[in-house]
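Presented sequentially are two complexes of subunit A, the first with subunit B as partner and the second with subunit C.
This part shows the complex of A and B:
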């Protein structure tokens, strides 16, 4: 399997069930940062030793049971568009895509597990799942971590825990995140509620798509910042039973308020979005994101019939720039991308 | 709402204190809050924080104990990392940096981790029994704090008994 093979399929972990929780929580992710004993951290590790470490970690990852077929991508050798595709699918970080030196990624074919080698730390593994499934993510990544630990020694300190290149990841090296769709909070001007909750719980908020935090089409990623002095299970528990249920409640209350107080304004937004998506001949990724977000809300609230939520989820993924170019099999300029994007959306959302 | 202290700027910091059943509210602007020593919880980038901490250290004057007199040019003997380089991009060079620059890094670590500076999570299988016990003890103490905070005294008593069993 090669990265290009992925460009026609949605990610298995992006959106899932049709319950209220999965409407708001698109997916769960847990990442662990680890470094290998006997090697300097990457800023001070010479390139030949980086190469050696890459090969060692790759061999270990390919030899253990990851519960799925896996493939390896040498990021240093990959083309720009392949790197961008992997970034768009959240399989590697932007830092990894645009970094330097020997580095790679091991990806499970269902894309629910990836391990970046030589990113900011020697090893950064992540497990994804659709909807709110943080406990399942933790169990899986913990098992994989145990399996790797049998083959190689991590740098560990009894006071500071797993040592990481950046002190902000020290201790457990865990980063728990949930990807959230919060269109009603945005429409009702209550994003502050969400931002304040995140801040009170020492969590970071970022946009899910694109570069900046603006214009991400109401999609956000919420993740823990404290990694030291708390156990992995506590972090997971805090998300699953405290923070996320509160945010789901805010979003569902806002949706209910919109339905009760401003049903016409809501329908207008939703139907206009669908109208534009069904008729546009050129559409930028930002505009698509924004409109698809409104349509997703409409489908979730039952205001749009005959469109499957899976179709909408799929469009978010497949209309990103690198996806379009790999699908077309050539480099496209902005206009060509906007044309192809509009064409794909029109076809998928066509009423016939 | 106007700041209670300067009576000019808009109050953005709202403090509610409850002392012996008495509720007291204070509303201040950012500047007055800072003057009164109320810190505002913000996420300061790590390198900025480090620069602040480094510049706060006396550069000359009394000879400080050798452990704290580390100047930013001092290099880790194992990887060559200096605090100056770390301040530019907050990534360390090797595990030894945590010991080499512990004095300077500790405030930074505590700031990033909500005041905490001891690991209490997963432990690799190869860790010595002593280390493992220490980490388990820290976990139990945290659980105890949490139980007391939640007023779950039954659970707290059980955790206390567990803690007592450690030598």
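This part shows the complex of A and C:
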């Protein structure tokens, strides 16, 4: 399997079921940062040793049970468009895509597991799941982490825990995050409820593509900041039982308030979004994200019939720039991408 | 006939035929400003004399052949919504609608002739026609003017010509104007071509509702400024043979350039406008004007099929605030108007 093979279908973990939780929580993700004993942190590791480490970790990962068929991508050798595709699918970070030197990624074919080698740390593993499934993510990544640790020694300090290239990850090396769709909180101007809850719980709010990206189209990543002095289980538990349920309640209340107090304004926003998506001949990825977000809200609230969430999710994923170019089989300029994007969306959302 | 009877159909002169000229020139209008000998100009005329003058002019107008059945509206007695309806249909000026004291208007049932009594001058007559028909307008208004002059003396000075309340109208008292639809010049950022041509020819550019109004939705009024030292015939001739043909050529060239060089951007603009009009649940009059303008361009250029210009013209006219309220038979707040407007537009433009 090659990255290009992914460009025609959405990731399995890009969810949004029919229950209240999955309407708000698109996906869950747990990431572990690990470094290998006997190797300097990456900024100090010479290129030949980076290459050696890459091969060693790749071999280990390919030798253990990762719960799914996997494939390896040598990021340094990959084309720009392949690297961008992996980023658009959240399988690698922007840093990994645009970095330098020997580096790679092991990806499960269902995309629910990826392991970046030689990113900021030697090894950064992630497990994804649709909706709110942090416990399942934790069990899976913990099992994989143990299997790796049987084959190689991590840098570990009995007092600090796992040592990481950046002290913000020191200790558990865990980052737990959920991708949230909060259109009603944004529409009703109540984002501070979300932001304050996140801050009170020492959590970070980021955009759709993580660190350093803006929140677009009402999608937000919420993640833990504290990795030292708390157990992984505690972090997962706090997310699942405390923070996320509170935010789901805020968003659900806002949706109800919109339905009751401003039904025309709500329908206007939703129907216009669908109207533009069905008629535009040129559409940017930013605008598509924004409009699809409103249509998603409309489907969730039952204001739009005959369109299902799976179609919306597919469009979110497949209309991204690298996806379009791999689908077209050639490099497209911005105008060409905007034209193809509009065409795909019009076809998929056509009422006939 | 009463003003409210007008609210369900568009004015006959609000045109836009299938020929190149009528695509750009929506309508032609000629206005004459006259004052009656023996009466002071309005600012100095006591209310009882204003009332006397109103009755006298009304009687004269109703006694002569105006080429169509006419009706009289006592503006001082009319309701706000009736006054606004007449303004929206360009039958009276905003000044006349919102002024004070005894004043009225005689309106032909086809709306191609109106005579405001006690506006800025004692008598302001207008003749309208669809497309570019200034000669026909001139012949009609000149004939009416002569018929009135047989019954009453105008204030006339052998050196200056017709005397008017404001010196800008002195001489012929004529204002010739055309309503232009110039979406392609605006889209291609070439409005200065139009503005410069107007300036070079001593003509004024105004918005859709004349003096003091902004140009909205790519509609502009172009009118003469000079009333002294040129004959009425010369003014009409200069419009018909010089200025308007030049502007039509600019707009037509811009449309061609858009079709050839930016067909996707053009279609995007046009199809989005139609998409929003077909799906919005709330729509302001400004936005409706703007979007209908783009759809009109799309129909003119053959990019939109199955919608005819008459439907667009009807929507321009009937979705104005007073029209909506008279249609609903009650006063509507802004939200209610926006909802009704969107509903009417959706229904009229529905593809089924």
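In this section, the second predicted complex is superposed on the first by the 344 of 352 C-alpha atoms of A that agree within 3 Å, B and C clash if a C-alpha of one lies under 4 Å from a C-alpha of the other, contacts with A are read in each partner's own complex, and residues count from 1 in each chain.
In the analysis below, a contact is a pair of C-beta atoms (placed from the backbone, for glycine too) under 8 Å apart; a residue touches a chain by one contact, two chains touch by 3 or more.
Bear in mind the structure is a predicted one, so any value in this text is a computation, not a measurement.
Chemist: Touch check for A:160: first (subunit B), second (subunit C), both, or neither?
Modeler: It touches subunit B, and subunit C stays clear.
Chemist: Of the two partners subunit B and subunit C, which one touches more residues belonging to subunit A?
Modeler: The partner making contact with more of subunit A's residues is B.
Chemist: With the two structures laid over each other on chain A, which partner does A:264 touch: subunit B (first), subunit C (second), both, or neither?
Modeler: In the superposition, A:264 contacts subunit C only.
Chemist: For A:199, using the defined touch cut-off, is the partner it touches subunit B, subunit C, both, or neither? Pick first, second, both or neither.
Modeler: first
Chemist: Quick check for you: in the superposed arrangement, does A:35 touch first (subunit B), second (subunit C), both or neither?
Modeler: The first partner, subunit B, only.
Chemist: For A:168, decide between first (touching subunit B), second (touching subunit C), both and neither.
Modeler: A:168 contacts subunit B only, not subunit C.
Chemist: Which holds for A:342: it touches subunit B only (first), subunit C only (second), both, or neither?
Modeler: The second partner, subunit C, only.
Chemist: Does the superposition put A:282 against subunit B (first), subunit C (second), both, or neither?
Modeler: Touch status of A:282: second partner only.
Chemist: Across the two complexes, what residues of subunit A are contacted by subunit B and by subunit C?
Modeler: none
Chemist: Using the touch rule from the top, collect the residues of subunit C that touch subunit A in their complex.
Modeler: Going by the criterion above, the answer is residues 264-265, 267-268, 271-272, 274-276, 278-282, 335, 339, 342.
Chemist: Under the stated contact criterion, what part of subunit B meets subunit A in this complex?
Modeler: Touch list, subunit B to subunit A: 41, 43, 46, 78-81, 85, 89-95, 97-98, 105, 108-109, 112-128, 131, 134-135, 138-139, 142.
Chemist: Give every residue of subunit A touching subunit B within the complex, in rising order.
Modeler: Touch residues, subunit A against subunit B: 35, 37, 40-44, 120, 142, 145-146, 149-150, 153-163, 165-168, 170-172, 174, 199, 202, 204, 225-232, 234.
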